[in-house]
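You will see two complexes here that share chain A, one where it goes with chain B and one where it goes with chain C.
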Partner chain A sequence: MAARAFQRLPSAPAGRILVLRLAAIVLSLFIIAGVLALSGHSPVTLAELILRSTLGSRFGLEDLALFMCPLLLTGAAVTVCGTIGLWNIGAEGQFYAGAIAATGVALGLHGPAVVLLPIMTIAGILGGMAWITVPTLARAYAGVNEIITTLLLNFIASLLTYYLTTGPWRDRISGAQVSTQRLPVAIPEMWGIVHWGFPVAIVIVVGLALVLSRTRWGYEIRIGGANPEAARYAGIPVRLRIISVMLLSGALAGLAGMFEVAGTVHRLQGGMANNFGYLGIVVAVLARGSCLNVIPAALLMALILDSGIVMQTQQLSASVVLAITGLILFMIAIGDELAHYRPVASTTPKGKAS
Partner chain B sequence: MNKQSAPPGVAPGTPPVLQLRGIGKFFPGVIANKDVDLDVWPGEIHALLGENGAGKSTLMNVVTGIYQPEEGEIILDGYGQTFTAPQEAIRAGIGMVHQHFKLVQAFTVAENIHLGWDEAPRIASPAVMEARTREISERFGFPVRPDARVCDLSAGEQQRVEILRVLARKARLLIMDEPTAVLTPEETGELFRALKAFRAQGNAVIIISHKLDEVMEISDRVSILRGGRKVGTFNTADCNPSMLAATMVGRDIVRRNMRARPEGAAPIAPDPVMQLRNVSVRDDRGVETLRDVSLDLHGGEILGIAGVAGNGQRELTHVLTGLMARTSGEILLDGSLVDRADPALFARAGVGHIPEDRLRSALAPSLSVTTNMALREYPYPPIGTHGLYDAQAAGVLARDIAELAQVTIPDFAMPIRNLSGGNQQRLVARREIRIASRVLVAAYPARGLDIGAIATMLGYLTDLRDQGVAVVFISEDLEDLLNVSDRIGVMFHGRLMSVIDAEAADMATIGLLMGGRDAAGTQPGATQ
Partner chain C sequence: MITLLTGMLATAVLAGGVLALAALGEVLAERVGVTNLGVEGLMALGAVTAVMTVSSVSSPWVGLLVAGLVGAAGGMVFAFGAVVMRANQVLCGLATTFMGLGLSTALGHNYAGQPVTTTFGHVSVPVLSSIPVIGPALFGQNILIVPIYVLLPALVHFVMFRTRHGLNMRAVGENPAAADAAGIPVMAMRFWYVTLGGAMAGLAGGYLTLTYVPVWSEGMVAGRGWIALALVIFAGYRPVIVTLSALLFGLVTALSFVGQAHNWPIDPAFLNMLPYLGTMAFIIVPVVVWHRMRRVMAAPAALAQPYYRDVR
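Let's look at the complex of A and B:
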């Protein structure tokens, strides 16, 4: 007879998830170390180097913060959309749209930073919102699946960026490839190279968490995501809520683009979104639908990205780095699933049935 | 302890199909089952009774592998068994029809029947699946439309699909959790005939029901749970309904005529609160589901709506609560025309709604008890002020509702789907009564309630009446309808056949009307 098995519960307690995720990360680190050792690298030196260049030094921490900033916002964009049960796969495109709009303002208008930066911020937000408008209306009024529409617009935004940075907006001053000239204004720096966008992003994420749990609007979004029919029954204007959530989601991703262009890169460049939009989906999945969890999830993602770059300086190819990233996320997914299982204690001896 | 006397008719030495020994199942803060022993023999229909939250559904979920017991053992045909998943139980011949449907709403009937079925043909076109479904449905005597989408079916029709799903999988032990709650009397009759035929082939049935008459009619033996423990098992022949009720609840239940108003009760208001004038509704396919209905609702009056389910009751409820737009006719609230179907507008006007299918339309099952209890009052103080949502105030509200509804909840932050079916219904009812300052539309509010709770629920309706609220009470139970209604309307094929004075009504007249025949002496159409 089989021993009393494990039981899968529909929900998993947060504590178990945390423990199993830590275990998953540790386990994947061992696997990675093993593979690296077999291929002739020294895992210990590598680990030392990675630690020193991320958490262990001021420059490392600054880098981490810069990576986290866009991830916080794109992660929040996907999370907020998920609350009403929709997937915004287009944060990448909205990121570009925000970056393009902000760049347009910076290149087109002249004035002091105090005037330009707020306009650029608004432009970035509007750019992201504009980019998600069509998917939003198609979803709200025609029921068109938002996953496909938001995804397809990513490619358009990315190509548009290439066109602008090699065409009308190309750098005519220093001749940088696939790039605009350096923008005349920049988000001021707060700590080393970390600009003020970073604390703002943290504040936004915390604020969103509060909005979702503490406002009527947030309540309606949660109900609408959990059971649209019950939302209708309660008289919640589900369509309007879908529109507002999706536009907000686009705005967050657009703002991420603006921060990146005006705070970190200082130019619009082809490919500058760097997958931050797609990684936002990963961050949202790691955060399991909670805005506050976006902060540690973005930190983890930033650590992985940053370590990847360090490894590339050590002659590990980009695809190895990608495989390592995949392995860690895969193990975390397994850990999440295992957290649903609970062993069932048996107190009675079994078998006999007279 | 392990007394093994096979009942008459079972060959000596035959083991029971199912034996439970000392089953214990605990949830945080709740003992759902404790020390439960149960024997079910081949060729018997075994009824399981108990109040809401007594642990009936949990016990059956343990038997079918949805839950693992913390204590005790499950013995099938004399051999100990552990099921880690419902599929294993089905393979061992145990099939269950759940209290809350587990069908895929977007799939057709045929697709749902074939879903996850070992014997389904590898490559099956819709036509093949539909033909097979038609054959199965005829074999077991449950008519279904194989090509219909489940989301378009009424509750009763959906249940038929659930039952067929299990019967088609060759179950030897069929477990049914409150199967008749959503069936019409005819459908119940058909179900019982099918169950008896099933029993005659040496199979066994466990049936959970709150309807004692049905238990008396269909079962061979009865087991009663109270507070998670078994009180006893009895031969149905030695029982009667009042004794069962008393054993179940631990006290006597008195049923009385509740039509009489106490002193100080609000009189029937002369002017109607809500009026329907020649209202018709067409569904997506262009079929008229509500035909030319005219109706006046008066404060201080209970209007009962009788009729076999699926004759337009759902549409009527939805029109009365602003969930469904009419295709023609007029709706008046307080004498002024309502030009659009807007549930928020009706709720603000003081129209409460206990819907037919609470899990699907009145609750967000995955969200917390507190969140669900705030669903009607979150826009208003103390929960909603200046666009904010005060979770603390919502918690206070949830506690209030739970206390009034007499539901003990160990943890208000847990998902509401963890509550027993009857307890969810009680909470929804109390939540809706709170906002029903003018009108309460209650569709089958007693569904899933134990008989003590039914009496309480009917009491809620008369309390509202006495406060001057107009109550629309839709039910299939004529006795309940006659007990509380002032007038009774009968629905047939989307038409309101007739509205008669409950004083003058008798079961026979209503029965005729339910069958679509207009009895002499009643005016067709509506009153006035």
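Let's look at the complex of A and C:
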């Protein structure tokens, strides 16, 4: 038998992951540059343009922060669910539900922003939680696969938004299509067009990281994800933990929707979730189950979205960004697996003197 | 009443066919232990390439063939990550869906909104199509209905449960280590069945644009790939049951069509929610009502688990 040159480790060292991920991203960029070159675009000019209009300009940086805000929260939503070993693919729907609930409050109640904004925040959180309730209970009590149930609700939320923005809540003032009127209140801005939701999102993510790593609840969640049988044996109420984690996940995504509608878009619009829910999955994967890592992961994802704006000005459709995200995700999935392998000193056949 | 029923069943058979093809392909992949969450993206790619093909070659068969080949190629890309490299199947699947949806929109940019003129035309089987209600639906629409609802599921059922190869195939999904020890090529089995499943997802997309909705637009697959995945779970990974549930599911879709055609006092947005709500009910209600269902309809034991020969 020939000696194996590689050994698979049960968990991959962080350093190797980082190196292989960089390699995965670089390889993806080369593939993208190749495809762009083949379709008659110059990758070099495009790259220069992207760098100049994202990191190199004030507007680019403001957009970056605005993209990061929902990604931080949806990324955290998927991450907390992942801690207990579940996939929340429905952050998109919970985002809509949060946005709808917050809009309902803003359109239905009258009062100063100081009063309305907290109520809208609570409504957004409750909206997101309500949207994940059925998948949560089905998972906890009947073991129904949460990937499918959370995902199906995305389509329903999107249709509901479409119905509201073309029907009962349609804009009767300026007549905007598939949109409500401009909301009477907005989250105040702190830097250019960047609203206070952005620092709040960062604080929430850091707080979550602390809760998950420092509290008993967080510990029980992590054990429940790592080894459900052992957790049950140790007396951890796994079912209750599943319910609390999934509801928290829905709450985070709902809050993302509230921030987006009250801070960035200022209206409820059809299609406003903009794939933030799905991209939250990518952010969570990049973060590898750590809430603190969600911050740099959201930054990377926001950079990709920000460059998407530039691409659109260059006659490349916005959907190219989705394809690029998919390619990077695919390469990183492979890179993460390869990081588990450690080269073993090639064992020379026995008896052969060294 | 009879015309209503006939019309509804005809729509149900058309709508269900798309799901039946995609779900049957996914049954193949999941039975060898691989969850392919890329079905939605592969269907979109199949749908758009079929439209692009028939716009230059006026034969629906060539369009369908290209859709199938593109689906197979996409399935191979997924299988390269999830089977050959043994990367996380959920991630590879989502990545495949992202790539498929993004690429199909970019490719179909110039074809969006244009009606497809080359489609599978109406075929009437002489005697059979005059059977009331079910005749027009099954034998009076297009030529692919009988293959999709009868021939393919029967073939898959026979191979899977009546042949040595099918036994090997199921062994790979239940216990790859034992299958490997018995000399079954686990990797090759997984790779080729995932590829075949991808090809069927591509065919499903092509069938969608060449018969049921003859126009390409962004987002037209509209979650059908995800619904197909849910049907596989609902049907307990069984080829014949999955085909029947696709038809049942087509009926739910047809209900929303009938509602819109007859101006029911319900907003179309709510009628459009029916397929998704129906799927939710399909996968939740049976397990809640009938607890034994969970055991009878259990997933292959090694589903979504990569197989490492040297790690036990």
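One rule holds in what follows: the second predicted complex is superposed on the first by the 335 of 354 C-alpha atoms of A that agree within 3 Å, B and C clash if a C-alpha of one lies under 4 Å from a C-alpha of the other, contacts with A are read in each partner's own complex, and residues count from 1 in each chain.
Here, a residue touches a chain if its C-beta (ideal position, glycine included) is under 8 Å from a C-beta of that chain, and two chains touch if they have at least 3 such contacts.
Here the structure is a predicted model, which means the values were calculated and not measured.
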When the two structures are overlaid on chain A, which partner does A:Ala339 contact: first (chain B), second (chain C), both, or neither?
neither
After superposition on the shared chain, which partner residues are touched by A:Val310: those of chain B (first), chain C (second), both, or neither?
neither
Taking the superposition on A as described, I'd like to know which of chain B and chain C A:Cys81 touches: first, second, both or neither.
neither
Applying the document's definition of touching, compare chain B and chain C: which contacts more of chain A?
C
Scan A:Ala12 for contacts with chain B and chain C and give back first, second, both or neither.
neither
Going by the contact rule set out at the top, does A:Ile242 touch chain B (first), chain C (second), both, or neither?
neither
Once the structures are superposed on A, label A:Asn145 by its partner contacts, choosing first (chain B), second (chain C), both or neither.
second
Chain B/chain C common contact set on chain A:
4
In the complex formed with chain A, which residues of chain B make contact?
2, 4, 15, 19, 21-22, 24, 67-73, 75, 78-80, 82, 84, 322-323, 342-348, 353, 355, 360-367, 371, 374-376, 378-379, 384, 387-391, 415
Spell out the part of chain A that touches chain B in their complex, as residue ranges.
1-2, 4-7, 11, 213-220, 222-223, 226-227, 229-230, 232-237, 344-348, 350-354
Which of the residues in chain A end up touching chain C in this complex?
4, 8, 87, 89, 134, 138, 141-145, 147-149, 151-156, 159-160, 162-163, 166-167, 278, 281-282, 285, 316-317, 319-327, 329-330, 332-334, 336-338
Chain A partner contacts - residues on chain C that touch it in the complex
37, 41, 77, 81, 85-88, 90-92, 94-103, 105-106, 109, 218, 222-223, 226-227, 229-230, 233, 267, 269-270, 272-273, 276-277, 279-280, 283-284, 287-288, 294, 306, 308, 310-311
